[in-house]
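Scrolling down, you'll hit the structures one after another.
In what follows, chain A forms one complex with chain B and a second complex with chain C.
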Partner chain A sequence: MSEVGAKPILQLRKICKKFGDFTAVNNINLEIGAGEFFTIVGPSGSGKTTLIRLLVGMDQPTDGDILLRDKRLNDVPANQRPTCMVFQSLALFPHKTVGENIEFSMKISGVDGAARKERANELMKQLRLPLEYYSKNVNQCSGGERQRIALARALAFDPQILFFDEPLASLDFRLRKTLEKELKDIHRETGKTFVYITHSLEEAMVMSDRIGIMRRGSIVQVGTPHEIYNRPRNKFVAQFMGEVNTLEVRRSGEASVCSTGDGQQFQVAGIPAEFQSGHLIIRPEAVKIGEAAQGLENTVRGKLFNSYSLGSRLQYQVRSTSGDSPWLVEMLQDEPYTGELDDEVVIGWRKEDSILVSD
Partner chain B sequence: MSKWWKPGFLTALPVLLFLLVGFAGPLLMVLGYSLMPPKTFSLIQMPTLANFISIVKDSYYISFNWSLTLALTTVVLLLVICYPIAYGMAKLFGKWANLVTVLVAVPLLISENIRLFGWVLFLLKNGILDGSLKFLFDASAPSVLYSVPAIVLGLVYVYLPFMLFPLVIGLSMVPDTVKEAASDLGATRFQVFREIELPLAMPGVMIGCMLVFILALGSLAESKILGGQVVVMIADDIESAFTFAQNWPKGSALSALLILFSGTLVFYLFKKIDLDRILGRR
Partner chain C sequence: MAGAHSTLAKRLIVLWTVAIIGFLYIPMVSVVLASFSRKRYFSFPINAWDTKWYEKAFQSLSVRELLTTSLNVAVLVTIFSVFLAFLGALAFARYDWKGRKLFQKVVLLPIFFPQAVLGLALLLWFSALGITTSWQTAVFAHMIWIVPIVTLIISIQVYSFDPALEEAAFDLGASRWQVLREVTLPILSPGLVSGSVFAFLLSWGNFPLSLFTTGADQTVPEWLYAKMVSGYTPMVPTLGSLTMGGAVLVVFGVYLMFMLRKWRRGGKDAGPAVESESGA
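Right, the complex of A and B next:
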């Protein structure tokens, strides 16, 4: 597990949450550093929303401790925790104006009107909300504006940790991309600790300092985006990253060679001592096709049966002569494979691009 | 094709006619009669304000006052009683909410008067309550029948569904996440209630209050059956003017005043409270 760079602000010790017989969150240990942008990624139903609800105090863990700067947080009610959350639904107050929404936390803690307005205006400026929106009803604002209002409202609370529960999920692709980058900017500008939840690893990659991958209530891997991408701990993490080529393999007699059930042998950069059997993962973009595959350590013969454009890249599907599941090959748009469908082709990859995982 | 000759207008026509004949017509007749000379039965006479003048001169303000006081008391009591039940039905009871709905709605299938006479039997001296207490504990129940509290009891009992159901709808319109967000931003339970829940549930609260207030203002049976006419409510006066006194113009004038009063109140309140904004439509 990758270590926290800064001093941890939030520590989870053996956190469990059970609903009857169902374990939603199972024995999670995690440290999040002060000022870090930490993202928890997992498919729907992996328990990430349950986990964040425990962290903000809307639910109580069945077991384990949550520590904020070494102080136990379990029994502190949500409204007394120095943390704040941006909801998936945003949960803006529909009967209040943009200004009233942003000022809410200051109003209830008794900050006077002028100071509230000044702070609200500052935040609106920082989040690129037009100042004349101050007295506008939140329902008249667009999706992106509502995101910014929700964020401004949370920042106005001045939380020690800001939690996000998939706030961008409902937005269209372009707006989501813009806001991801803005969020990253705001994280840098404010220096606050952000804990973000999403089902999109791509989103996590763009924004995060570190990522925790969650599956069936447990965290299966924690690391920087680079580590997660290059050294997935298991097949689940590798496949969660996107489409990958997966082969069931086991240790062969030779060092740096693993073999499949039907006797194919593939070279890897090194086989860990404890590895007996598992999966060989090769990313589509690491696989070359045609001439580009010549001379690589690993090659497979097959027939090209499909090709797609993915925008900046081209994807090819190749059915190998040994008949295992179709191989995916991705090439950059400017180095396309020029052959025809149904061509006999060779695909190949370097041994450094063979990723070996044990389950 | 001329403008009014459109499918929309044509399909609305039957309802329009029905409303004109069945709703606007009688109201206009009441208004017309209120301007006729006292104790006459024709609408084709010289209009006069004599009825209104005699209402102001006589002591009708007493029964107006009683109606108003009792209606307001009923509204306040029902708000206090129904809010927690409605909250439970909207947020906590889950599938049991349906059972509560049925339990509250079933009595509506029985005539109001019969239900009120049931209360009379219950509260009567040597009735169910008093008799049971005497039999079981050798104690006697305080005599509440034929008193103002008995009237209030009747009003609260009869109009409970009219407050409860709008409140349930109002409270179920408040999203849980919005309340959680407020609490997450540091609001105490009471602040969440005041700043978020109540304003967002206000449409339901308003409709419940309005229904109960207007119905209670024009109520008659409770004061007659449970109150034994210890107080006279305005509906009593209107009834006696039309029946016993055979003074239709006087009864009409009283009705007109009552309608004017409740109408103004309703319009004023709906104007004052911006439902569109609360409902997030504007």
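Right, the complex of A and C next:
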């Protein structure tokens, strides 16, 4: 399902990293395709920063192999790898101008001044940095400009793979959204392989061709944003995306029905053969309320407890009569539920929207 | 009422500041004044002004020798201690290693020893090893006291240095040496310069360590002390003023250098930062 489309540029084979007794990265196998935008997502402490440091060469794996175009990279120091990273802190050289920062790798490799400047100007144009910033001190640039400078500096190195260690984390929401899209545009323009790490699945969804979800040092699922969203492998992945309705369920006697501990039965599109017990996940936007819920395969009765505006959508909290944890229902802002709070309501969803996960 | 209150507070602050500056500088001013007096012994007010002691000082070979010795010691101490302290500060503030905590304490300890005791200890040690004391041994003695201080000064700069900067440079293809030259040294340079100034001035003005460890050689502070104990001439305040003048020159020179650098850097800038994206 989530195979690499292009020929893999980067292969990870049984990568482990231990710090004393603590295993930060545990047996990771992964292939990243040439030209792919691959994002590794995980909560803080999941080992994603450790993993990217292994990939860049700042640290060596305790076990396993890292292959770049079939060549073993483990023992190649970071300064001899044809890869480059945009740091979380950006790590712009504070004593150098914007131009000097961008040209750094070219200066190191002995490119002459005129050629350096030409390339720096090209990159500045591409990244929408005003050319007069060339001789400006980096400390006097804004957050967004500094992001672009860091990216220009990395691109000037002409890396085969560009790594990103959560560079947008410190920016405000709007700027982050703008830059996420810009980054995806730049990925398309340059055709380079981007490997990005973040704690935000939402951010990963916007930019990535494929996403790897990391938890406690292991990758729990790899897939396209569509696959991750629609077919989460387990409860962790499903809940990582955002608020979902979760019920503990077991296989029942019938073919496409699962049941909860208190005997409620819900229809699903199909139960995998190996499934015995696990969780039923229903996304709030798949749940309908009131008249819209009429005639759906699964229904629950309850009382409308509260409603919240989420911008483009409205969220309703329904407390079911059977006393499960509150149900979340999301409707578009322009098709709201018109009843009152404390109404007795019916909520429902199609059996295709029932997602079964094993743990 | 609040206005009157704060005016009074402001006046008191000014008064307090002036009093402190006066307290600090009046004794030194009196030394300078004494150096311009024609009389052999210092009395106030000065009736007869004269610069003959300065003329004598500049002509005197022995004064020249004293200044040369002090300068040699201070320059060598500066070079060696900044080099050692730079490496020490990285070990002190940057890298985590076994025994680092102990190192941090042990390296600072000599600062708190009485210098006379340190000097005596070194003198005993030198003679036990059969080393004849001279200005060169004084260089070593000064370093024992000065290296820890300079280490501390440079450490402050190292603490505020983001190690990711070095990693970024390394990641962009720089060798260890290029990282040092292009990133580490330039960023730590304010700390290295302040460290150098401290090293130079602390060595230049040091008396107790020199007293025990210079042997037959003599630095300016030693000579000043010897002459004050016996054989006072106005050459004492003259040379005293000259050494103070040297210190002031060094401090202001470095200050000017910093200001110039800041001004030149400011000139490179296209203007204040604009959050251009926020409008996008």
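By definition in this document, the second predicted complex is superposed on the first by the 358 of 359 C-alpha atoms of A that agree within 3 Å, B and C clash if a C-alpha of one lies under 4 Å from a C-alpha of the other, contacts with A are read in each partner's own complex, and residues count from 1 in each chain.
Quick note on the criterion: a residue touches a chain if its C-beta (ideal position, glycine included) is under 8 Å from a C-beta of that chain, and two chains touch if they have at least 3 such contacts.
Keep in mind it's a predicted model, so treat the numbers as computed, not measured.
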item	value
Fit or clash between chain C and chain B when superposed on chain A	clash
Touched partner set for A:Pro94, first chain B, second chain C, both or neither	both
Partner chain in contact with A:Thr178 - chain B first, chain C second, else both or neither	second
First (chain B), second (chain C), both or neither touched by A:Phe275	neither
Which superposed partner A:Glu145 touches (first chain B, second chain C, both, neither)	second
Partner, of chain C and chain B, that touches more residues belonging to chain A	C
Which superposed partner A:Ser135 touches (first chain B, second chain C, both, neither)	second
First (chain B), second (chain C), both or neither touched by A:Met58	both
Contacts on chain A seen with chain B and repeated with chain C across the two complexes	56-58, 77-80, 84-85, 87, 89, 91, 93-95, 104-105, 108-109, 137, 140, 153-154, 157
Chain B-touching residues of chain A, taken from the complex the two chains share	56-58, 77-80, 83-85, 87, 89, 91-95, 104-105, 108-109, 137, 139-140, 153-154, 157
Touching residues on chain B, where the partner in the complex is chain A	175, 177-178, 180-188, 191, 195-196, 199-200, 277-282
Of all residues in chain A, those that touch chain C in their complex	56-58, 77-80, 84-85, 87-89, 91, 93-95, 97, 104-105, 107-109, 132-133, 135-137, 140-145, 153-154, 157, 174-175, 178-179
Interface residues, chain C side, partner chain A - complex	162, 164-165, 167-175, 178, 182-183, 186-187, 265, 268-278, 280
